[in-house]
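The block underneath contains the structure these notes are about, expressed in structure tokens.
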Amino acid sequence: MSSLYGNKIKISIFGQSHSAAIGVVLDALPAGTEIDFEELNSFLRRRAPGNAVYATQRREEDKLEFLSGLVDGITCGAPLSILIRNTDARPRDYEQLRDIPRPSHADYTAYVKYGRAHDIRGGGAFSGRLTAPLCAAGGICLQLLGRQGINVAAHIAQIGKVCDRPFDPVLIGENEDHIREMNSLKEKKFPVLDDEAGRCMLEAIEEARRQGDSLGGIVECAITGIPAGLGEPMFDGMENRLAAALFAIPALKGLEFGNGFAAAGLRGSENNDAFVMKGDAIKTATNRHGGILGGITSGMPLVFRVAFKPTPSIAMEQDSVSLSQGKNVRLTVTGRHDPCIVPRALPCVEAAAAIALYDAM
Amino acid sequence: MSSLYGNKIKISIFGQSHSAAIGVVLDALPAGTEIDFEELNSFLRRRAPGNAVYATQRREEDKLEFLSGLVDGITCGAPLSILIRNTDARPRDYEQLRDIPRPSHADYTAYVKYGRAHDIRGGGAFSGRLTAPLCAAGGICLQLLGRQGINVAAHIAQIGKVCDRPFDPVLIGENEDHIREMNSLKEKKFPVLDDEAGRCMLEAIEEARRQGDSLGGIVECAITGIPAGLGEPMFDGMENRLAAALFAIPALKGLEFGNGFAAAGLRGSENNDAFVMKGDAIKTATNRHGGILGGITSGMPLVFRVAFKPTPSIAMEQDSVSLSQGKNVRLTVTGRHDPCIVPRALPCVEAAAAIALYDAM
Amino acid sequence: MSSLYGNKIKISIFGQSHSAAIGVVLDALPAGTEIDFEELNSFLRRRAPGNAVYATQRREEDKLEFLSGLVDGITCGAPLSILIRNTDARPRDYEQLRDIPRPSHADYTAYVKYGRAHDIRGGGAFSGRLTAPLCAAGGICLQLLGRQGINVAAHIAQIGKVCDRPFDPVLIGENEDHIREMNSLKEKKFPVLDDEAGRCMLEAIEEARRQGDSLGGIVECAITGIPAGLGEPMFDGMENRLAAALFAIPALKGLEFGNGFAAAGLRGSENNDAFVMKGDAIKTATNRHGGILGGITSGMPLVFRVAFKPTPSIAMEQDSVSLSQGKNVRLTVTGRHDPCIVPRALPCVEAAAAIALYDAM
Amino acid sequence: MSSLYGNKIKISIFGQSHSAAIGVVLDALPAGTEIDFEELNSFLRRRAPGNAVYATQRREEDKLEFLSGLVDGITCGAPLSILIRNTDARPRDYEQLRDIPRPSHADYTAYVKYGRAHDIRGGGAFSGRLTAPLCAAGGICLQLLGRQGINVAAHIAQIGKVCDRPFDPVLIGENEDHIREMNSLKEKKFPVLDDEAGRCMLEAIEEARRQGDSLGGIVECAITGIPAGLGEPMFDGMENRLAAALFAIPALKGLEFGNGFAAAGLRGSENNDAFVMKGDAIKTATNRHGGILGGITSGMPLVFRVAFKPTPSIAMEQDSVSLSQGKNVRLTVTGRHDPCIVPRALPCVEAAAAIALYDAM
């Protein structure tokens, strides 16, 4: 594997779903930085399963143990290392998957790559559980960005066929109403802009769950307060760096900036963003470019959307193969799985974006 | 800037639209590899403007000068360096852009980042012209992949509102008909699967051009013959690496693998790909995952789509600002520009994908 | 800090002398590799202080806790993470050093870099204690190299004015006598080739210790069984890579390969190594080049020497400054320190070399 | 090969002794920086062979062709690329070396690594000629450092048995006399501190040349004006980074900082550098640490020494093997070679150090 990310800061994630612990080493944070543990724990709780209908029944406290890098809660310049013990692991649940890979899961590709040595328990290092250390590192970056006036917020833009209304890409973060709206997403149990749409999404998830099925969705993320000029094209442009971080999140299959795929159907005159003076500042009248031009931030809100496929682990019987016997078999997946990963993936999107952005500053 | 890419091989691109030359250094190719210059030139001609309706009127021969790394056309182990002289540069065309940035172009962000020192002529290093060395490096990787039975092909999936039919993600590359179809795309002047759709696209481009406007589009790319097991998750998974390379292509604003954004609207039972034995081989019955599971190639064709925004340089008058005077002004862009970048971006997509894939092997 | 190393494998070290724990993440080891824990522990004991005259009185058990990356003692492909708890930490010993930096120690430069936030306790991340995770990672690489017939051995070549006899750079590893000699070094409490010289060294250390002083020394390391052809010049040549790893060891101030500095005083006719056929193999008659030519291994034993300065923490009163008062003061260092770091640094040299070598393969 | 270096800036070197050209791409220099071409050419002339007794008879003009990255002599933010044409190449001289590798040269290891495809002409990419682009990149870094008050100077400390007097590691750069001494080295044809020693060195070289032999030597380099606090331990400490750059210079076999290997024979009380207040500044009374403590610069002059082996290409008949016949043969090397590489390697040392230092700032 290659569980490292970063140029300026360096993040090294470790662990498997059922190993003794999972964790992250975060190198090159500036010394003298205070970590707000309460805020960090509160951020991590947003990806914890809780009692939500859409989440796994696995219960993990996700208590962060800071092993190094801090003196009295202040970074000391040495690499920060964070440990999260795995406690509610049930290895028995996964025995049959050693032989019969789950459709559309990494079971098979991990088997090809690591052979019989692959840790099949809970998906090993391919488990969504590995996003907990990602969120620990990202939560710290979010704090550091926040102190520079940079605000990262995301909402569930779509679950199945149900859509939330989108961010206003120009006004977001501009006035108190919009800032309040961004921040309210961080408090909501189910972060949508339109709560009515949220209720429909929850119903859709519940229905899928009842049928032993799962649902995909889309997360839209906006980042305000970013200075213009970040990103190093061609290969370390802001889009490249965000992409390289975001695609580390399991089940993420698509990424678009600003108008994204919709821009493909537009004309230049429809998609271009005119420059305008707002007081002394240069802004764009619209924000179809999503805050990045030529790989470099423009100073407008950075807006992107990511698509998640439906959780591949479903309760319905499916076709698969027996690796040992080389023949087609039927598979019924047991164990505890999220019928929809999107709500819990949302803070991971914020975390990955924060890491990529902080690294680029 | 950071114009380097790669772990195993290393690519370093240099040049501006109107510098003396542009080029690329390609380090760590295996020694003893023959370069097929004719095939390489023929690949590069696919991104050259030619006389097509959709292309700039700038005429560059794009003659590759191999400075080092070869002895008698065979790689010798030393870094390969390739030079392309700029000949048809007309710096006068760009004078007014020093002060008035083009909407949705990198003029403004480059100004923020590099100040008055930025090379504004032809967009400097942000010019689409820099995709010529990308294609030179990628064309070589395509040859090396081809010798291992890996075939990379792309078609124009959409221009404006007009869509081509998609690749068959399971059958592509499987039998002679489908292989012939893939290869025919490399011969076509306007590479689409459905030539009738292609004619409509060309008409749409011509109409946009007449109106001083431009069009965006989508390229779909398929790669067959890839062994299962490539990619190093979490951060060097095959999606991360492809994304990090592809977003180097100017105007690329979205990327999706397999079902991509469409998967967001599906259920697990609709999106999962059942494993099946085909002879002794393990395949999937469908290919909604696009050939990558958990960041690792599955052995099925790798299929992805990228969205290009419409060329921002349009002939219509637009709103912008004067950087020196800090006030709103009107801008009419002159100079030579592609009314639709998509056909010429298509080989760049193949090139970037080939580089990312070869680097991962 | 930047506590990461490696291209193929990636090592990320964390911890401070008095943090809760220290450790290492080792990414990209091949799956299916068995770790011999007994051998690893036995290697780590070679750098543990024990009861030796030359070592600190600090007592750490250095128990390795494997958190992830293993299933039943076999690597599973996920990053391997190893934790070592700090138990015998005595933070009081270091209070005065917050204000008065020890001469020739990192106290002052760490203060400049990290300010008052630097973890002064035990030298923080600059402590020799951080070589324990280096040895844990290196010990694993040594096992993997050993299984490919590569043998890494080192001896104390010099302590103060007392010298051991050098390795025979041609014969080492060639026949049973020489292999036995190499391996015996790993069993010896005080690894020298000439035990009489070893006794003199121990006396010199004991004398320095009694006088509240310390001693430097030289370690010579030889690696046999390396295939020819490793190393990627110009900047990833075998010398560059070994140097980049070895200079991570605290107090290491010099490095030379083969004849090294002595070659400066020789003529080409005296320093060149003639090629000769030995059976079907191409060898060199002498080995003044130390097994590396042009940055690439030649197949001859790789031989290098590293110089360690005397431990800067001595009991004698010294001149220093008060950081808070900006005036000259006298300093008497208390706490527990090695009067000679060289014997305990020796396995660190083997470890760093093994990491660099394994990474290059 | 891996001819790339750098974290903040990126250097990519290409070319072989007899390829059409050699050159370098220098990415991520700050935009708006003026290049002093006259100063750069004058720096490069210091490594040019000239008519000196110690140098090859090959005559190369080494004219720098700037292909990109500059507008009117000012960096524009795009990668800077520099080309040097090879003109006086005589491939015939090297034919016999395809079969019979020169003792202690890279001929054999390059053959092992790259096979028959290796460019044997003039040593290919292993030629000292590749230090010309290294010096071009380093010369630019020297200018940028100089503008920040950082002065890099080197002298020939030893040739064969003849030694120059060393730098005064405390006073160097401190007062006008010492600054004048540093700068005078850059003007001297044969840069030594003691010109009488220089004359003896030249005689020794002439004598070796007459006898068809060659000589090694030592270069001592001092860097003044460096701020305290540079370097990122453990693996990107200032020693690690300098080492990784310096070992790219052909024939360099040893490196030591401050007292280096001599420190091995000293006690802590003899090797420690007391801190003292000099006005408001914290300095050390002596500078045995060579300006680096714990991998981080201390603000004292950075002083290091590097050892060069004697040129392996000597005119005397030597023992070697025939690769094709697998038998011992005698070899007489013809062609043009430096009887002592040290004087021409000296600016390369300055260049590599400047690159490493600038990259760390």
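Think of it as A, B, C and D in the order they're written, each chain with its own count starting at 1.
The working rule: a residue touches a chain if its C-beta (ideal position, glycine included) is under 8 Å from a C-beta of that chain, and two chains touch if they have at least 3 such contacts.
Being a predicted model, the structure only gives us computed values, none of them experimental.
Would you say A-C or B-C is joined by more C-beta pairs in contact?
Higher contact count goes to A-C.
Measuring between Cα centroids, what's the chain most distant from chain A?
Centre of mass proxy via C-alpha means gives D as farthest from chain A.
Taking each chain's centre as the mean of its CA atoms, how far is chain A from chain B in angstrom?
One centre to the other, that is 27 Å.
Nearest whole angstrom, what separates the Cα centre of chain B from the Cα centre of chain C?
Spacing between the chain centres: roughly 47 Å.
Would you kindly tell me how far, in whole Å, the mean C-alpha position of chain C lies from that of chain A?
40
Residues of chain C that touch two or more other chains: which are they?
Within chain C, residues 1-4, 13, 28, 110, 113, 125, 232 contact more than one other chain.
So with touch defined the way it is at the top, what topology do the chains form here? Options are line, ring, star, complete, other.
complete
Contact residues on chain A for chain C in the complex?
1-4, 10, 12-16, 19-23, 25, 27-28, 31-32, 65-71, 74-81, 83, 110, 113-119, 121, 124-125
Note which residues of chain D are touching chain C in the complex, please.
For this pair, the touching residues of chain D are 1-5, 13, 101, 103-106, 108-110, 112-113, 125-126, 130, 134, 158, 160-161, 208, 213-218, 228-229, 232-237, 239-241, 243-245, 247-248, 250, 252-261, 263-277, 280, 282, 284-285, 288-290, 292-299, 307-314, 316, 318-321, 323, 326-328.
If you look only at chain A, which of its residues touch chain D in the complex?
7, 28, 232
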